[in-house]
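Shared between the two complexes below is chain A, which has chain B as its partner in the first and chain C in the second.
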Partner chain A sequence: MSKFVDKTLAEIVDYIRDAVFSEEYAKRKGLLQAIDTKVKFIAFMVLITANIFARNVYLIIVFFSVSLMLAALSRIPLRSYLPRVLLFIPVFTGIIALPYIFNVFQPVEGTPLLVLYDFQRVIHLPLLRPFSRIEITREGVFWASTFLARVTTAVSFAILLMLTTRWSDLVSTLTALRFPKMFVLIMGMSYRYIFLLLDLVSKMLLSRKSRVIGKEKAVKSWKLNAGILGALFIKSYDMSENIYLAMLSRGFGGEYKNIRSDSRPPGLRDYIFLSSIIGFCIFALITEVIA
Partner chain B sequence: MHIPDGYLGPLTSAVMFAVMIPVWAIAFRKVGEQLGPKEVPMLAVLSAASFLVMMFNWPVPDGTTAHMVGGTLFAIILGPWAAVIGITVALVIQAFFFGDGGITALGANCFNMAFVLPFVGYYIYRALEERAGKVVASGIAAYIAINVAAIFAAIEFGIQPYIAPGYCPYGLNLSIPAMAFAHITTAGPVAAVVTSVVVGYLAKSRPDLLELGRKTPGVMG
Partner chain C sequence: MKKAIFELDDVFYYYPTGSEALRNVSMEIYEGERVAILGPNGGGKTTLLKILDGLIPASRGSVRAFGKVLNSATLNSKEIYEFRSKVGFVFQDPDIELFSPTVYDDVAFGPQHLDIPGEEIDERVERALKLLNIVGLKDKHPYNLSGGEKRKAAIAAILSIDPEVILMDEPTSDLDPKSRSELIGIIRELNNEGKTIIISTHDVNAIPDLMDRVYVLNKTIIAEGTPQEIFSDFELIKANNLEVPEIFKLFEVLRCFGYNCEDLPLSIDEAIKQLTKVAETHEGHIHLHIHEHTHDHLDKLRDRYNHH
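Now for the complex of A and B:
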């Protein structure tokens, strides 16, 4: 358990460090960086939604190629873009989807691709359809790959949007798109707290580790972890009080003003970009309906 | 419990958003009325904490993922309506930055984890608090709440084979047992222990924090 916690923490720290680092891409001069953030946000929502309507795996691959193309046009090297897209979520999704390639988890009999085991008789198990063989089916593999492709594509768009947008621009875009002020305020603050809390937790865990010799018994280890969690809570509460006072003393009256408020109206280039994205999505979905 | 993009058909995704929009509207109004600007940083901190505990997740074959949410704890400290907003924020950041939980599935994910979970947890806690004591009550509340939320998630994607072929293929016969098993045996106990331990620690060192949620009751109407 503690290994799992350590590993996950290390992964999150790495990823977040990367995410901060990635503002580097948001500052580059490329296609997506030049597009107005509001327009870009809407365009990506359109792409992600259209991708969900796509059921044909080839069409999904076309969507994925669009994300790769946009990344290339935005000067994001594939070797740093692809690992972000492929490392974490598709692996998880793969595990979730894996059972479906076997006939026993499918609602109807499929075309067998590979028979793994033949029981020579019908097996009855609770929850499952009666079966006599365990086999990998064509339908199962087809569905699992379609699903995996769709998730990967959706993640690739989300990550591309984040990579090419500065956090402060995104926050002001949410304000401009009339998201509730309180939502934007809390989102802006908790984004920063995540980094801070993460830092606190890793330090607390490290300091405990450095004072513990040998293996801890489960109950004892839970009690120690509990102390860490409780202390973390109280620390963050005290911190939030201090932050409130700091905000108050700087004139906070319940409203969030962004320093980088983006008041520039979208230009011709932005509209061309948005309409080509929407046009592409409509075209793609029409071909899907016809096919 | 994060449902990925492409697990729910377009119709279900749309319906879940339609359900959540009034919930969000009420939550923003209630929280605006009941919590002062002083509680805003606290909300943000709890939201960040919820984000972090949700990152410790493991995949459930035939289902989605299992992890604790911190929703019950959130609801006990700041009230369930504040939890709706705070956990929604955490889920939005996760969906956009980590690709964890789909963007089109945000309505469904928020319904399960930011609405059902804190409300179930909050009311069970309030019902048991007097008789069982804060620590035990919060543990039981967290355990039941996460399981109820997981079952809701399982129902949402388990009905897909019947209404939207081509999306989640696992029917209710597989999705509910898979999610229930993972949450009853792993995520549930984790949530129960962590919640009761934190509540116990707070009751001992900062009992005033546990009274915040009561001052700002989330009672509907």
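Now for the complex of A and C:
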């Protein structure tokens, strides 16, 4: 279990360091990198919203293909883009969606695909519909796969936006689009310090690893992990207090004033890009309704 | 007569847990001075700097800054913004100060919040970045900076406020030798521009180069004097777990070999000056020899500095 925690944290920290803060892909010359950040942000919001409204799994797959195509045109290698999209979030979403493929968790009787167990009598359990068999239903599988595809596609758009945009430009865009200043400040600070603290955790885990001889028992390992979490909590609490003092020291009086706002007007290319995205989304959703 | 910037009289500070951080602290700091606060870990140095920066009020006693009382009431009033534009505090951990998406935003944070007009903010930020030679870092995310770069960015974030007083908490800690010596140069330059510098530090080798006066703080003020006075008091140094500069130790060794001088130098510059003077008065020679007590004196010196 400890290995799992170690590996997961190391992966997250490495991912953030390489992909986000190094801004490796955001500096490349590609389609999305050349688009004005405000326009890009709106275009991705449109894509994510259209993806949420799409009810047909095939249409969601089309949206996902669009994200792959945009990634390729933005010179993001699919071998580093796809694992980020497909590994973390869909795995967790899969865990959430999994129970719904079984008839017992569905509000109405579905079409059975596979019967797992037949009780030969009606079972009554609190909060669940009475049932006599546990079966995987067609509707359940369809709903779970649609849900999974929708989340994966939304995540793929969000990751693509992050990969092709410098963090500072994204923050300026949020300010330019009139997001509340305090929200922008808190988001920026959370982003900055979560990864600083993650870095700290990975160092703590590494230092523990360097002093462990032989195989650790699971209970002992969890106790040590709990100690690390406790130390991290104290450190983050102390840090938050000092950050506030550092802000006060530089004149902060409760109201955040930020001059960084992206006020450059978008160009013709940006408008063409946004129009194409909006046009595609409208066309896709209308086609689905008609079909 | 120089104007007193800070006047502390019988100041106490208790943590919320009730434990004592500062006791009976009285001090005066004058305009344009360079003052070091030296003391062991947990001796209350950072707490004292926070009180001087008006971030926390003293639990007891009187704190006056620029002739005005600094207490809970003034810290929560609008008057405090005038004080904030005069005093800047560089925290020990630069990650505390660099919370914005880019270095530029962090450096601009102070002027923005002290209602400096827009065009002047840009000028101030550019000036601070140029002074610290970090113009190339302005669009970088603080996460991507090295330790030395972060420290410089944190100092630039304070310089853009253009304060009269700069407080620094352990500014040379965790820096590589090059960054450390650059920082010492910057601090000296800032003082030459007329800024009052107050530093809490463990870096005794930097003090002689930088500081006019030293306060030894271990919850209360143990001693106050010039670096020469403080480092020559061995009992004081030992009782407070402090160190003396390496140059000072070297000249103590030379003394065991018959080198004759009244005040031991504390820095390279002082050593050059003194050696030149001694050589000039002895026809270009410096005499060292082993006499009957040399080894005894050397043993005592080793014992004193725990060199076995």
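What we mean here is this: the second predicted complex is superposed on the first by the 201 of 291 C-alpha atoms of A that agree within 3 Å, B and C clash if a C-alpha of one lies under 4 Å from a C-alpha of the other, contacts with A are read in each partner's own complex, and residues count from 1 in each chain.
The criterion applied here is as follows: a contact is a pair of C-beta atoms (placed from the backbone, for glycine too) under 8 Å apart; a residue touches a chain by one contact, two chains touch by 3 or more.
The model shown is predicted, which means the values in this text are computed figures rather than measured ones.
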| item | value |
| --- | --- |
| Partner chain(s) touched by A:171 [first = chain B, second = chain C, both, neither] | second |
| Partner chain in contact with A:234 - chain B first, chain C second, else both or neither | first |
| Which of chain B and chain C A:142 touches, first, second, both or neither | neither |
| Touching partner for A:162 - first (chain B), second (chain C), both, neither | first |
| Chain B versus chain C as contact partner of A:51, first or second or both or neither | first |
| First, second, both or neither for A:99, with chain B first and chain C second | first |
| Which superposed partner A:251 touches (first chain B, second chain C, both, neither) | second |
| Contacts of A:190 with chain B and chain C, given as first, second, both or neither | first |
| Greater residue coverage of chain A in the superposed arrangement, chain B or chain C | B |
| Touched partner set for A:280, first chain B, second chain C, both or neither | neither |
| Overlap of the chain B and chain C footprints on chain A, listed as residue numbers | 189, 193, 196, 239, 243, 247-248, 252-253 |
| Complex interface listing, chain B residues touching chain A | 4-7, 10, 13, 24, 28, 31-32, 37-38, 40-45, 47-49, 51-52, 55-56, 59-65, 85-86, 88-90, 92-93, 95-100, 102-104, 161, 166-167, 169-171, 173-174, 177, 193-194, 197-198, 200-202, 205-206, 209 |
| Residue numbers on chain A that touch chain B, as the complex places them | 4-5, 8, 12, 15, 19, 45, 48-49, 51-53, 55, 85, 88-89, 92-93, 95-96, 98-100, 105-107, 127-128, 143, 146-147, 150-151, 154-155, 158-159, 161-162, 180, 182-183, 185-187, 189-191, 193-194, 196-198, 201, 222, 225-227, 229-234, 236-237, 239-241, 243-244, 247-248, 252-254 |
| Residues of chain C that touch chain A when the two form their complex | 50, 53, 55-56, 81, 84-85, 87-89, 91, 93, 95-97, 99-102, 104-105, 108-110, 112-114, 118, 121, 139, 141-144, 157-158, 161 |
| Contact set on chain A toward chain C in their complex | 17, 21-23, 167-168, 171, 188-189, 192-193, 195-196, 239, 242-243, 245-253, 257-260 |
